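What follows are several structures.
Two complexes, one shared chain (subunit A), two partners (subunit B, subunit C).
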Partner chain A sequence: MAAVENADRRRRILVVDDSSLVRLYYHSALERAGFAVEQAINGIEATEKVLAQRFDLLIVDINMPGMDGFSFVRDLRHRKADIAALPILMITTEADETDISDARAAGVNYYLVKPVSEADLVRHATALAGPAS
Partner chain B sequence: MAPHEKHAAPLVTVTADDVERLCEFLYRRTGMLFDGSKRYYFDRRLTERMLATRSRTFQEYFANLRADAEHEIEHLINAFTVNETYFYREDHQLRCMTSNLLDEIVLRKGPDEPIRIWSLPCSTGEEPYSIAIWLMENWPDVDRHNIEIIGSDIDTRALAAAAEGIYGERALMRLSRSIKERYFRPLMDSTYQIDPGLRDSIRFTKVNLVDTPSMAGFRNIDIVFCRNVLIYFDDASRRLAAENIYDCLRPGGYICLGHSETMSRISSLYRVCRFPDAIIYQKPEAEDGSR
Partner chain C sequence: MNELQQQFISESKELVLQATDDLMTVERSGFDAERIDRVFRAFHTLKGSAGVVNLPAMGLLLHAAEDLLAAVNAKKRPITTGLVSEALECLDQVSAWVDAFEARGVLPSDAGERARDAALRLRALLSDNTSSRSTPNRHGPVWAAALMQEVAATDASDKALLAVAYEPLPGCFFDGDDPLALVASIPNLLALSIEPREPWPPRPDIDPFACNLRIHAITATTRDELAAIFRLVPDQVEIFDLAPVTTPTATAAPDTKTTALLDDIIACQIDMLNAGDAGDNSYGRYGSAARAAAHALRHFERDDLAFDVEAALESAIAQQNGNLVRDALRRVTAALAAPSEDRDRDPDSPAAPSRSLRIDEAHVDSLFNLSGELIVAKNSLAHLSKLVETVVGDGDLGRSIRRANENLDHLITGMHSAILQLRMVPVSQLFRSFPRVARDLSLRLDKRAELTIQGGTAECDKTLVERLFEPLLHLVRNAIDHGIEAPEERRAAGKPEQAHIALEAARTGDRLTIEVRDDGRGIDPAAIRAKALERGLMSADEIAALSDEKTTQLIFSAGLSTATAVTDISGRGVGMDVVRNTVEQLGGKIAIASRLGAGTTVRLDLPVNVAMSQIVVVEASGQFFGLPMDVVNETLRLTPDRVSRIKNNRGFVLRDRVVPICSLAEALNLPDKPADDRADHLVVVAEAAGKIIALQVDGIHDRLDAVLKPMKGLLANAPAYSGTTMTADGRVLLVLDLKELFS
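The block that comes next holds the complex of A and B.
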């Protein structure tokens, strides 16, 4: 259970994916590993959360209605320093070279192709966000 | 779903005297006192056992019971004491879903095309939540697809309870401790509430299996779990329900029935598929246009 906000020293991760089951799958895996997790259904909701709360890592899908992952990442990289510098892990079903180079160009730190196992997810999240708590 | 559903009559009739005889017998044999006054529950469970033993009349069933043919006393007690459904019930079908059905279904899917799984009837939510949990725990490809899970029932009180998602220990008895910790929040009085994220990932709707217009709102379903409800219908209602579900399924879609039910007795529309873990019925890929 989350302690009160000030006492919660856990690393915070935002999971951005349009599928509720996928969000839940990542959320519960990361929470079990000791991270505090928030969710957003697309780039628009993710931007609102990123502007309002502190995060240590964003995990972002590409294909989402409203605002896709690329647009979200490009937009984020042009914001003020602390937000523009947030580590981003992109996880998607697209595995071709163009998507990977597009992701790099947009400013993604690391790229994983689905399916991603719980162990891999936690390993990469820890590498990018730092140890869970 | 209720056996007294509008167009579907129960298959067997049991008189008040029959109920009394049965209660008395059970009391003498087991010391357990069953409440014959709640006829809804009583008849439902007795009907289940009479159908399972292929008894045509109460008298025939009662004779089998007294002889304890095929451990019927134990079966009857189980039927009467398990008052509610539970998580991971008949999980061999869930295993079949992740070992066989989904692999075949995703072959026919375009990118981002949703996979639709329907729990019908969903009662108080144990089945659709079990499907979601099972997928997250057992299907390595769960994050590669957009999965929609729908829970439908005719009973709006059951649907309200499903959306609230509060369960007792018994409903969770088949779940491991780690699954309980992961997807439930303990409340007071030994009850547990389903994770809000899990609750929001299921869409709950009211539907009547034998009401064709209300079923027409559901299309392109890939898998239907329709377990232990058709046994309560008469032949005509049962066939109508099976046809309605057929129209909701995508060609190649599957329907899972309860372990004591067989589609071949209900409708010839479906193909029988024998998988290692379960027998599942399929809407054929190519329709012949007769419907």
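The block that comes next holds the complex of A and C.
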């Protein structure tokens, strides 16, 4: 396990999902693996957090009330600031061909289908967020 | 079916064949890192493709197989016949599913169940090894092995681990138990799975007060601690020892799974960049792709490549051109694949790959048919030039047309042979499934046989490859079932226990020979003589006069089988007579040579180019004849009032032309029934030797594609026939030469 040495040096992940259960699951799994984790309940809240804080990876659900995952990613990708280029891991319930192509079109970097085991989540998040500096 | 799916189908078929070959080679010749890696990659690619075309069941099965192979790849698991059989069965299943997908666009409805069962079996095979120190238990290893995958993937410690199976009683809530709280209190919990013990009932029927859970966990804690936690429910808990995580799955994972993940992440970035609208070249897209890729590369310690991507990103920002990132990612993909680039080299294929283009078979077929029709259409020009010379009386114009025709003739002949060349495929396509057939069959019969292939690069028309599979299958099965002796018998005879079957092709000029050789017991001429007598094929005198060699050829006669015991292997399917018929239909010959105790060789001699003629079968005076389709204009049923008599001749008017009617039976000097003027006339309108004629026949039957064999022996001088061909039921059909008949 990556040792938790210093809070400032941990990789930071924002989990965007409307289900509190899912957020909790990801949050605890990722925190155990040595990440610092923030949560947002939809695209609107996620945008606020991304503008305010530094993140290394966003983990985003598709179906969320308010602003869904695709709209959030598309919007983020077209911003001028550096946050436009944040790596994004999308997680959703169905391996639907159109979902996957929509995700690609929106600018999602990687795609996982639920159920995602803790090990898979950590493995992918670790690879995409980069090694802790 | 979209292009992606078609690509998936052809790629999957190729991978299944290649992996089958490699698996058997590995089984035969022992551990070969390169081949095992190639098998592993084939499974991995298949799994990935299954995901792309959205076939989760196939992905599930392949995932389990891939994990098993990863263990082999890491040399943590020996290659056994059992393991190879499992992997081959998995490939069979994949192959069947790919066929179903190709035919119907979906997998069969039981695919999910089959995948789960097979995956469970594969995982069990894997866990036999991983949990060598665990208490043998029918539930333990299977689920524990699955959970161990997760533990292995998370960088876990190498401490001895414990697996916990906890099945709370349905009424446990009323006993005051809180299963989840108990599980949550397990220290050092590494992996956890919770599933229903019974399938969930429909929602209205769920009893919220009954516990229906089965909980599996893996922990690095001690038995004592677990005992303390579960002290109130000891009857519902089982604990197993597991080997430390340094066992196969764990060590295999970093080598194979992780680089697979890296490949996958890079591929996703390229896909994402390709998916954008043409005008969408925003920094967010290529910037995030570059960052995700660089992160993953650094994570897998490929800093060199990460640097390349980051440099490309800087240039891309400077030039506002995201394509630079995509190009860099493609270079990365190539670099990641590079170390294993030479793995595709096959001993049987030429060293320098020839440039090739994949063409759909159907296109080649239609091109071939069109060129055949073109030849027929062109033939009318010769007739036309003659008409211009004689009827119009313009010699110059006639000669010009003839010259143009000759030119055209030359070009069309050239084109036709170029198209024939397109139909050429290597014989290896025909041979490649036979090592597998030989392996499975000899295992089933408790024999030991190895089948080797030589000359697979020889090329022949694809019709041969399509039509020869069944006959060769029969020959190979025969060789193993009847030719090869049991190991004890071979040892007693001073032969090696492992028998050898050779499948060999050679091409000389425009002939292809294929030999099926075995070193088995050979064919006993005495047994064949006895059988031939018993079946009444010949008289005793005739049989006595036959040489041993001639006697052996009798095996191709219908109704003769030397199998003393009818096994389920050669006792059904095509017989040797059907093998011979097929070969002869293709214009070839078959011969057999055998030495008692030393083995048998069956030799097929075939034309490389199968020049198929289209033939229509007609009936006259109770006999059947073939008419080449290229002389047939049309077939008609004439009512009596359309037929007019002019002296002894009959004729009718077809589009302002008087066409003479001629009885085919009469023309061939066959007994003809008296012409019945009141009955309809069935005629074939044919054009030959510049004349148009209506052949009256008694019946018009099938059309068939056949290879014409020239007339031989006594018939060689019969002018009315251009050749013979075999019908599907093995009869000889005489094909008429109308030009000769009416000249």
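A few points about this structure:
Note that in this section the second predicted complex is superposed on the first by the 123 of 133 C-alpha atoms of A that agree within 3 Å, B and C clash if a C-alpha of one lies under 4 Å from a C-alpha of the other, contacts with A are read in each partner's own complex, and residues count from 1 in each chain.
Note that in this section a residue touches a chain if its C-beta (ideal position, glycine included) is under 8 Å from a C-beta of that chain, and two chains touch if they have at least 3 such contacts.
Here the structure is a predicted model, which is why all the values come from computation and not from measurement.
In the superposition on chain A, A:22 makes contact with subunit B only, not with subunit C. When the shared chain is aligned, subunit B comes close enough to touch A:39, but subunit C does not. When the two structures are aligned on the shared chain, A:67 is found in touch with neither subunit B nor subunit C.
More residues of subunit A are in touch with C than with the other of subunit B and subunit C. In the superposed model, A:128 makes contact with subunit C only, not with subunit B. Once the two complexes are overlaid on the shared chain, A:117 sits against subunit B and subunit C alike.
Shared interface residues of subunit A, touching subunit B in one complex and subunit C in the other, are 117. On the subunit B side of its complex with subunit A, the touching residues are 111-112, 132, 135-136, 140-147, 149, 182-183, 195, 197-198, 200-201. Remark: subunit C residues 51, 54, 56, 149-151, 153-155, 191-192, 258, 261-262, 265, 268-269, 271-272, 274-277, 282-292, 294-296, 298-300 touch subunit A in the complex.
Chain contact summary for the complex, subunit A toward subunit C: residues 1-2, 33, 56, 76-80, 82, 84-88, 95-97, 101, 104-105, 107-111, 117-120, 122-124, 126-131. Across the complex, subunit B is touched by residues 18-28, 32, 39, 63, 91, 93, 114-117 of subunit A.
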